[in-house]
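You will see two complexes here that share chain A, one where it goes with chain B and one where it goes with chain C.
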Partner chain A sequence: MTLLELKNLHVRFKTRAETVYAVNGVNFQVEENQVLGVIGESGCGKSVTALSIMGLLPSPPADIHQGEILYKGTNLLDLSEKELNRIRGNEIAMIYQDPMEALNPSLKIGFQVMEPLLTHRDISKADARERAIKILNECGLADAERIMGQYPHSLSGGMQQRVMIAMALITEPSLLIADEPTTALDVTIQAQIMDLLDNLRNDFNTSMVFITHDIPVVSGISDRIAVMYAGKVVETATVEQFMENQLHPYTQSLMKSIPKIGDTAEELPIIEGVVPTFDQNPKGCVFASRCPEYLGPECDNETPRLSVPTDAAQGHETACHIYADEYLETVSKPTDQTIAQTEEK
Partner chain B sequence: MPTPNVNRDPQSAGDTVSDSLTDVTEGDSTTDKIVSVLVDLSQNKLAVIGLLYVFVLCVVAILAPIVAPYDPSAQNYEVLNHPPSFAHPFGTDNFGRDLFSRVVFGSRYAIFLGIVIVGIQAVIGVGLGLVAGYYGGFTEAVIMRIVDISLSIPGIVLALAIAGLLGGGILPLIIAISLVGWRGFTRIVRGDVKSIMEEEYINSAKAVGLSDTRIITRYILPNVASSIIVYTTLTLPTVILWSAALSFLGMGVHPPTPEWGALIAAGRSDLQSAWWIATFPGLAIMATIIAFNAVGDGLRDVLDPKQY
Partner chain C sequence: MSKQQLGSEREFTDSLLTVTDLKKYYPVKGGILRRRVGDVKAVDGVSMEIHTGETYGLVGESGCGKSTFGKTITRLVESTDGSIIFDGKDITQLSKSEMNALRKDIQIIFQDPASCLNPRMNVRQLIEEPMSSLTDWSQEEKNKRVHKLIKDVNLSVEHLSRPPHEFSGGQQQRIAIARALSVEPKLIVADEPTSALDVSVQAKILNLLKNLQAEYNLTYLFISHDLSVIKHICDRVAVMYLGQIAEESPTQKLFEAPKHPYTKALLSSVPKIGGFQDDRIKLQGTVPSPENPPSGCRYHTRCQEYIGEICEEEVPKLKTIGEDNLCACHHY
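Let's turn to the complex of A and B:
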């Protein structure tokens, strides 16, 4: 069953000076008990997408001007702040990039871990405390009872991230959004946190949207991968398909630029040019200006749709014109009708 | 600037479980914090002297009937306008009342007015500041414009006008100074809230699904607390000075009440013949204000080292 579905999501940021189009039509689904890894470089709209799912983008300046975010069939964008508060922290939880910043420095760990439970469940303080200690233990914090009485600054980064994870999972949410949860941590701690998340998601049957720019990190935990570039999903596939074969020219270049042990090359291949920023809804393919496979005017003018090329494996979608002649199946592309419905007001 | 625990070096935060356990002792952390703030404060000599003075002043205010050698309103026609002597350390006034006893009882008014007025100012100012900073937009614009407009009128003039309008006396004095002073709290709190709102932990509190009220009271207020404490200690002397000033100008506490400002007003006409009547209450006001300022400065250095 589809738990979360993003349909043609567009987010722009309006200020008096300019308007920046950050997310330009993101489509992806997360099935129950599935981990979706969202990969993309800095500024490609990963975090904006995550925050719009949580309804946490400050508006103004943020403006979700097109699209839908369907959670269990309801469009989260239609909900009031009060209705959203019933879902946030209860059914959808979030882990942030830097636990040092995401924990309140002036409140004890115990208070912060119990908070989601006390907010969303009718539960006594004593029970909540017991539950919090249990979940801190499950998150690998042995001396949980003591940690409950401490302030965030007296924990290390890895421990803080474990606390964040405990805080997110204490209400046993069906969906966990992890926004680069390991980026701020040491490599060894990263591995521990990834193992922990992998174990916990099996224990709790939690689906996950795992956002990162680190392909090796995400490939270990994900079931599916979605590659984002300049505010769009350019390719999605299962991890196996993805590691075996990349379809989109951007993904191909990206994979080439990852250094591998044993590589003898003097210089890593790079992608020429810079990520474009848009002051209007982009036309054509967002990668056209840097694409090694650039075909011509159609790349500049026609927006390629996410679909499965003829000789690709089932479910391996990409949005690129080089496969245009081979379009066979068109999955998850917005029909003209839905586009007309969600067209900018 | 959400660093209420600045006294603890963040670098010393443990990297392993065992490290961190030696770092923090369990127990009532609020008292721990107060103790550690006091320890840091004791490094500052001026602040220690100030704190001692404030402490003595409070004791004197509470124990005024015991400390004062005479009844402050008892008139003695044997000793009219006597200069300072052993029997009357601050001398006597033109009714033969012992000035030392009057100054001692005056400390009650200073402390009482200071605490009550600053308390009212803080409640109004902090509340409005939190609302303005948290909600932003139109709400903020309205609140901050009111602050700006009231700031364009000199405070003491406004207070004088309000007190005069209400007819003078102790209650009008409290109302007048409270209504004028809250705006400083609003400015400080609103600015702090704005910067705290940018912190990720506010987002993470929202992601938990908490209501606005809960986020404001439990997540933002504690992080603004150190600024509020510092500003309160620095406002207190101003408020004491202002209440003395209003009383001096006849819009506050009236003679024969032994309020310091009123005492000065009463001694003003005799300044040439009996300098001590106005001088000693004046010195009391001065010392009190310097002491509170020293404590406030010291506290600011301890609680908020980034702000100078």
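Let's turn to the complex of A and C:
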């Protein structure tokens, strides 16, 4: 069953001086008990997408001017603040990148971990406390009772991140949004946290949207991958398909530019130019200006559709004109996959 | 100069920087009288030798003292004990004016370019500033150099009149690099120069640093927590743990056959594309506090190859194993 579906989501930021189009038509789905890894560089709109699912973008300046966010079939954008509060922190929880900034420095850990439970459930304080200690233990904090009485600053970065994960999981949410949860951590601690998330995911049957710029990290935990560039999803695939071959020129260049430990290349391949920002709804392919396989005017003028090229495995979608001929064939000889997609749209 | 060879295939002999038993303790004050009650031993007896023209990597987790080490050898913080011989002179003994004369030869690049570039200056002023304060070059000479440098770091002359906030993170780091290079340094301490950047931008900066090294015969002390970056750029690597060096080895050897248990654990924690390797060594807990480090071998509290009492009682010395591999562990 589809738990979360983003349909053609557009977000822009309006200030007096300018309007910036940050998210320009994002489509993805998260099935129940599935982990979707969202990959992209800074400025590609991945965090804005996450925050708009949670309804946490301040408006103004943010303006979701098009699209739908369907959670279990309800469009979250239509809900009132009060209705939204019943869902977020309860059924949808979020883990942020920097635990030092996301935890309240003047409140004890115990209070902060218990808070979602006391807000959303009819539960006594003693029961909430018991539950909080249990979840902190499950998140790998052995000395939970002592930690409950401490303030965030006395914990290390890895411990703070565990506290944040405990806070997010205490209401047993059906969807967890993790925005770069290990970026601020060392590799050894990162490995611990990734193990923890993997175990918790199996124990609680939680679906996850795992946002990161780190491809190796995300490839270990995800079932599906979505690659974002300049506010658009340019490629989606299962993790196995994605590892085997990448279809979009951007994804191909990105994979090449990562230094690998087994690699001995003298120069790292690079992507020329910088990520563009848009002051209007972008026309054509967003990657056209930097694309190594630029075809011509159609790249500048026509927006490529996210679909499965004929040679590719089922479910491996990309939005690029180099597969255009194959698109036509797909249309004339529709597969089950494309029929399903047309119906959805 | 001919195109340099990759990694450990390059050979260097001239010693540029020799550090012997360097220590940096930060006092911890407590009680009503704010007396000294202990020390944070950020760097506790580090020795190393860096050769002219090489890239020496220093890797470790946060809090292991690698940045403090970088700051100590540039004398941005004063060392507690030990000697730093740079180009024949012990820089810990130099007076302030003697040190200022030497600053020209040692430059540093920081992690976050946005916070080390003065927002009120334009790019020309930023690149010119070190030359004005550290050299007596004429204005004409300085102008010529600014123009050359801005092209060397792949920016253009039109950028010179703009303030730093108009640039992206990668471009700001290029400006910081041009600034460090302006006074023709011999040694550059690069403290996590790409950690704040995206992978595709990181690739550009790493390529740039390599090309500049070939062009200007630079020596780098490259500090990073990212092992794949270290692997890519360094000739030799030292692994630091709690203020001490656990292992030092030519890059190729370190990654192919790590000796110290900590290096093994660190290497196996690096995620590969497709997930972690199956036989990963799982490290428990976090780095102990440097204020009260474990006795004996500092790694014994987390070590997966713990032998016995000797690990808790005796501090292992850095010993030469094979030709050029140094390791501090009771196993050897």
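Methods note: the second predicted complex is superposed on the first by the 327 of 345 C-alpha atoms of A that agree within 3 Å, B and C clash if a C-alpha of one lies under 4 Å from a C-alpha of the other, contacts with A are read in each partner's own complex, and residues count from 1 in each chain.
Please note the rule applied: a contact is a pair of C-beta atoms (placed from the backbone, for glycine too) under 8 Å apart; a residue touches a chain by one contact, two chains touch by 3 or more.
Being a predicted model, the structure only gives us computed values, none of them experimental.
Superposition of the two structures on chain A shows chain C fitting alongside chain B with no clash.
Of the two partner chains placed by the overlay, only chain C lies in contact with A:Glu41; chain B stays clear of it. When both complexes are overlaid on chain A, the residue A:Ser156 reaches chain B and chain C alike. Contact with neither chain B nor chain C is seen for A:Thr212 once the two complexes are overlaid on the shared chain. In the superposition on chain A, A:Val187 makes contact with chain C only, while chain B stays out of contact range.
Touch criterion not met for A:Asn24: it reaches neither chain B nor chain C.
Shared-chain residue A:Glu267: touches chain C; no touch with chain B. Contact with chain B, but none with chain C, is seen for A:Glu115 once the two complexes are overlaid on the shared chain. When the two complexes are overlaid on their common chain A, residue A:Leu254 makes contact with chain C while staying clear of chain B.
Overlay on chain A (Cα): least separation between chain B and chain C is 5 Å. On chain A, the surface patch touched by chain B in one complex and by chain C in the other comprises residues 156, 159. Residues 2-5, 8, 10, 13-17, 19-21, 23-24, 26, 29, 199-201, 203-211, 214, 218-219, 222-223, 225 of chain B are the ones that touch chain A when the two sit in their complex.
Those residues of chain C whose C-beta lies close enough to touch chain A in the complex are 6-7, 61-62, 168-170, 198-204, 206-207, 210, 225, 227-229, 231-232, 255, 265-267, 269-276, 280, 282-283, 286. By the touch criterion stated above, chain A contacts chain C in their complex at residues 41-42, 156-159, 186-192, 194-195, 213-217, 219-221, 239, 243, 253-255, 257-261, 263-264, 266-271, 274.
The part of chain A that touches chain B in the complex is made up of residues 51, 54, 56, 84-90, 93-94, 96, 98, 101-108, 115-116, 119-120, 141-143, 146, 149-151, 153-156, 159, 164, 167.
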